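Common to both upcoming complexes is chain A, partnered first by chain B, then by chain C.
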Partner chain A sequence: MSGLKIKDLKVGYGRNEVIHGVDIEVKSGEKVALLGANGAGKSTVLKTISGLLTPTEGSITFNGDEIGGANPAALVDMGVIQVPEGRRVFPGLNVEDNLKVANYGKSPDLFEEGLETVYKKFPILQERRKQAAGLLSGGQQQMLSLSRAIIAKPKLLLIDEMSLGLAPLLVKEFYEQLGDLFSEDVTLLLVEQNAGLALKYCSRFYVLRNGDLVLQSDSKDYIDDPTALQSAYLGVDA
Partner chain B sequence: MVDYIQIAWQGLVSGFAYALIGLALVMVYKTARILNFAAGTMAGISGFLAHWWAAEQDMPFGVAILFAMIMTGAGTYVVERLTVRPLVKLGDFLPIVIMTLGVEEFLANVSLLWWGGTARRYRVPGDIDRINWLIGDFRLNAWHLVVAITTFVTLSIVGYIINQTELGLGMKAFAEDQDAAKLMGIKESTVSIWTWVLSALVGGVTGIVFAPVLFLQQDYMNIIFIKGFVAAILGGFLSLSGGVAGGLLLGELEAFTIKWAPREFAAALPVVIVFIVLLIRPHGLFTREKGHERV
Partner chain C sequence: MSEPSENSTTALDRAKIPLPKFLKKNHYFGFIGILLVYLLAGTYSEYSQTIMNTIIFAIIGASLIVVFGMAGQLTLGHTIFVAAGVFLSANITTVWTRGLETELPIAFGVAFLLGLIVGFPSLRVNELYLALATFAVAFVGVQVLFEWKQFSGGGSGKPVGKLELFGYEFSRGPTLVRIALVLMLITFWVVGNYQDGRTGRAWNALRTSETAARAAGLPVAWLKILCFGIGGGLAAIGGVLYAHTLRYAIPENYGVALSIIVVLALIIGGKHRLMGAVLGAVFVKWLPELSRDVQEYEGLIYGGTLIILTLIAPDGLVGMFEWLAERMRLKDRLERLGITVNNSLYNLKPFNQILKLKVPTSSTIEKASPLGSRYLAPLSSSDPKGSLIVRDAAVAFGGVKAVDGVSFEIPAGGVTGLIGSNGAGKTTLFNAITGHVKGATGQFILDGEEISQKPIHNRALSGLGRTFQNLNLHDDLNVLEHALLGLDRNMKYGRIAESFRMPWVLREEKNAHYVAAELLDHMDLLDYWNEKVEDLPYGLQKRVDVVRALATNPSILLLDEPAAGLPTAEALEMMEKVQEYANHISAGVLIIEHNVELVAGVSDRIIVLDAGKTIADGTPEEVTRNEQVIAAYLGT
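Here is the complex of A and B:
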């Protein structure tokens, strides 16, 4: 079985259970969105896949290997790469060092290669490569955050809420660029509040509400009218 | 005039000790968010080992220092794995800090058992700590010069590791954002343990080089530890260079206080400084307040 398979996942912080048994499947090369309102548990799911949180129950497999509760560093070695919410660049490190961190423990030759690709896609990063990342604009920080993922060569890419705190026009541009930034066979699970954007890019989606899946469907069924998802988001008939 | 230069130099030499211990403390706090209360005692044991091996076990001085440093590194490795690592998973700050206090107590008593409580003064090769040069009216002690050179070399090596190596990059990334660093594939336990070892080696160098200046006594590094702590606070506890600068500043303040104020006041000076700094600049003298997040 290739791709990502999550079965009956339960996760919490301390004694507080946040995800109450969730099943998600992303086939190899598929692009899938995980939607839901603020606080629905989307980021918690992503953090569990990338190893920052440990599942209390259930299993997560990637290409057949159990990865639930694995060390984040081991997951990065397997190609499970997360673009975190809020970009999370290292503000005190300069742009190039931020990118270098994404190549941690790997050969410098590979880094040179990745750096070239990244600078070709985002020339502004090359221009500002010696500047502290904290001084970049929000959009440039998002470029940097995505660039780190490019350098890390993902097999499974997890993107957490790209639209957070960015101008809508900018977010739209990033979504349009995604297909160009990562190769076609990268498996993608994307967390987003803004359904309209995510549906355009992903073929399928799940909606999470208060830690439970309430809806899964093909994007094409909703793409013309994403507002129809409101009731699923909020749990009321809108 | 020469008088002032003499005092300034004296202050600088003590400042070196505070700066190095301050650096060792900040290093661990910054990357791992752990206050290591055992840092002073660990440094003291390094100093004891080196001088004891050299003076009482007839080991050549250089070899004794090398062995002491190896022991410091290896010992710290074991201490981190045995005492700190199991607690990190709990994700709480306080148990680890209390654990380092426990380690401090343990090590202090082991060294008390081993070496006893009396102060000793071991001789260094060529008795260079007794050589004084007179440059005009300025008196320069040869060992103080050794202290200065050692400090400079140590700081350069640490600076190189932090800024030029992959370990240093990992340390910086971890200091800035632990979760993001983990997501980049940096192993927390690897960065943590090498930070501890590096910090202990800096402390070890301090213990060894300052033993001939102070009297070698079971707890001779405690006072340096306290002042290193003050140095770290002066620097805001999150800046390596701030910790070093804080140490040098404290050394100078102390030296000039002794000159003008009653001697008793000099002993209280560190506490007074902590008090004032925490009141008016809790983020340290040299670091800016944390900037607002960019959106």
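Here is the complex of A and C:
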């Protein structure tokens, strides 16, 4: 069994259940999108996989190992890396130190290698590497957040709103170069508000609505029919 | 067609938002509680001393609610105001031989002025550093008292004279308790009035985000100093009563230790509610009465309670009771929303349920537009405003020129897009215009008025409304309060009138509630009016940010990535609403957005920044075909 497999996942905040039994499967090396309207529970699913939230029921396995409710730090060691929503950088640390944090517990040689990839992709970060991350513009902070994931060398990459605040050109490039930036066989589950982009670069997708899975399909079946997708989002009949 | 009855109701009625009233439930409870003690004071005269101390601590606690609970200024110097009251009282009664009629106003006035001075450090430092600075104030205060022997009697202290009011002498014991209760009633009434009014709302806002409070046009600096003035004045009233209870004033009683205990008492009781001041006072003053053993371990018990409370009930004893009550009521709330509750659904947040039900139904479509309502219609204007001239705007961070000589003119009432690659300087340009960044140069002229030199809140008052790239909302405040904060710009009643709940204060507040409700209805937020903003999904939080800006009735609205994180359909819907409202009040809009489809759809004109400079400026068609823009930003 390789890849990510989620079975009958239920998650809640306190006593409020927000994910009511969801099954998702991402095969090793596959790129899959998780779509849905605001408040549908997409970020909750991602946070549960990366160990920030504990499932109330169900199982999550990655390459056959049960990871549901595991310690986030242990998951990072296993290669489960999340890019959190909304530019979570350490504002008081400088750019390079922010990146070093992502290499925590790993060999410095790997870091140099990762750093090269990052600086080649985002030269502005190299230019500003000694500046506090809090002084970067919103979009540059997002670049930094993504760069941390590159440094961390993920096996399973979870991205929450990659395109938030990024210029269209960069978004496009980033998606096209996923293979170069990470490794060819990285397994990707991403949450994206821009459904058009997600369908273009992911082979399959799932749609969540109010904590339930309402649609899953190959991207090619919907890429020319955004209205049908829209109705799945909102639950209205098109 | 819509039903006439549907038309005649206001948004406020439909959402069942309670209007501010002259007397409310808390007033009755408070009055009955105080009356009870008043009547029983004679029967239990052996407890007079402890009851007095409790009342005094409750008054001091209420004064701290102003400074710490509402405005969030953690002060450890509060006892210097108490000391001011105590020693002024001792001097007035012995040297001038006057009574309470002189003591109270002088103590309030002197401590008020003292508070304005003590409040100054709060302009520079926050939280821990402020606590340290005020700690020093308390420390120095006591030293001054020791040395100023003429005033304080030095180390040996000073006796307090007779308890008199307009020449009538009163006995101490139950009579003093009754006088104290009347003063407590007045203090609580005043603090409660602030909690309900614009000043309290502004304090609550600046506690949770100063940046956003400034952007809404609130004079943050003055409000911070003012909270120390008012809090100090009220604490001095407690001090006067303390002087008459102890009958002898010794400087060493008013040191840092007392400062810490009054803050502890309020935190234990609950720092956001007047009831918290009472519970805290009861806790601190009655616990040692229980037994002598308790007295020995006083510090341990306060400290231990504090640790336990911070873990289980960060809002103190009051917070704990409220939480329990809330849990019991949740079911009713859901049922009122028309949701049948069975046990498995009981766990759901109401808004999730509403989202499920809130597919645009016929009734929401047929409803008359809130813009036509009695409350929003008068804001309509056909006179376009918001002409903005930016000349040579420049901002440098260290060596990086984030904005490097940008100039443009926006005619009144237009929608202008501002796009550009990451780090092009868009948000920094916004911050330069609104004053949120230091060291910006250049000239900004809004509707013919130069605003370049004004502080942030005055630029907001001149008509700049803005939203934030990273949401900047006031946690703890509900959605309705965010709208009311924006409306503060156009409220007229004064702070003294507010202290005494004058009729015109209530009239204006009621009107503001109606306006706020219609505005929430327009932005489809009415169902969530009572939700704390931090409990809302991201998309709705973005709308709350917009509502706050719209409520200021701005001349020009600056939107920083309003659609980021929203699916395109949702973003379009929100922008439509914003534009509709901007047209209604004839305001201009300047919008930063990466969703080019969206920004091209709504804008008459787009300005493109790159590396701090303008590289293109024109209609959406021109700009999106511009080769430089394609190369730098759009890509092919």
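To be clear about the criterion, the second predicted complex is superposed on the first by the 221 of 238 C-alpha atoms of A that agree within 3 Å, B and C clash if a C-alpha of one lies under 4 Å from a C-alpha of the other, contacts with A are read in each partner's own complex, and residues count from 1 in each chain.
Going forward, a contact is a pair of C-beta atoms (placed from the backbone, for glycine too) under 8 Å apart; a residue touches a chain by one contact, two chains touch by 3 or more.
Because the structure is a prediction, the values reported are computed rather than measured.
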Taking chain A as the common reference for superposition, should the pair chain B and chain C be classed as clashing or as fitting? clash
When the two structures are overlaid on chain A, which partner does A:39 contact: first (chain B), second (chain C), both, or neither? second
Examine A:136 and indicate which partner it touches, taking first as chain B and second as chain C; both and neither are also allowed. both
In this superposition, which partner touches a larger number of chain A residues, chain B or chain C? C
In the superposed arrangement, does A:90 touch chain B (first), chain C (second), both or neither? first
Touch test for A:82: chain B only (first), chain C only (second), both, or neither? first
Scan A:210 for contacts with chain B and chain C and give back first, second, both or neither. second
Chain B versus chain C as contact partner of A:233, first or second or both or neither: second
I'd like to know which partner A:165 touches here: chain B for first, chain C for second, both or neither. both
When the two structures are overlaid on chain A, which partner does A:195 contact: first (chain B), second (chain C), both, or neither? second
Between 23-31, 131-139 or 455-463, work out which stretch of chain C sticks into chain B after superposition. 131-139
With the touch criterion stated at the top, can you tell me which chain A residues are shared between the chain B interface and the chain C interface? 135-138, 165-166
The chain C residues in contact with chain A across the complex are 347-349, 351-352, 355-356, 359-360, 397-398, 400, 402, 420-428, 469-470, 537-540, 561, 564-570, 594-596, 632-635
Contacts from chain B onto chain A in the complex sit at residues 166, 169-170, 172-173, 176-177, 179-188, 291, 294-295
Where on chain A is chain C touching in the complex? 12, 15-18, 37-39, 85-87, 124, 128, 131, 135-140, 142-143, 161, 163-170, 172-173, 193-195, 210-211, 230, 233-236
In the complex, the residues of chain A that touch chain B are 50-52, 71-73, 76-77, 81-82, 84, 88-93, 97, 100-102, 104-105, 134-138, 141, 148, 152, 165-166
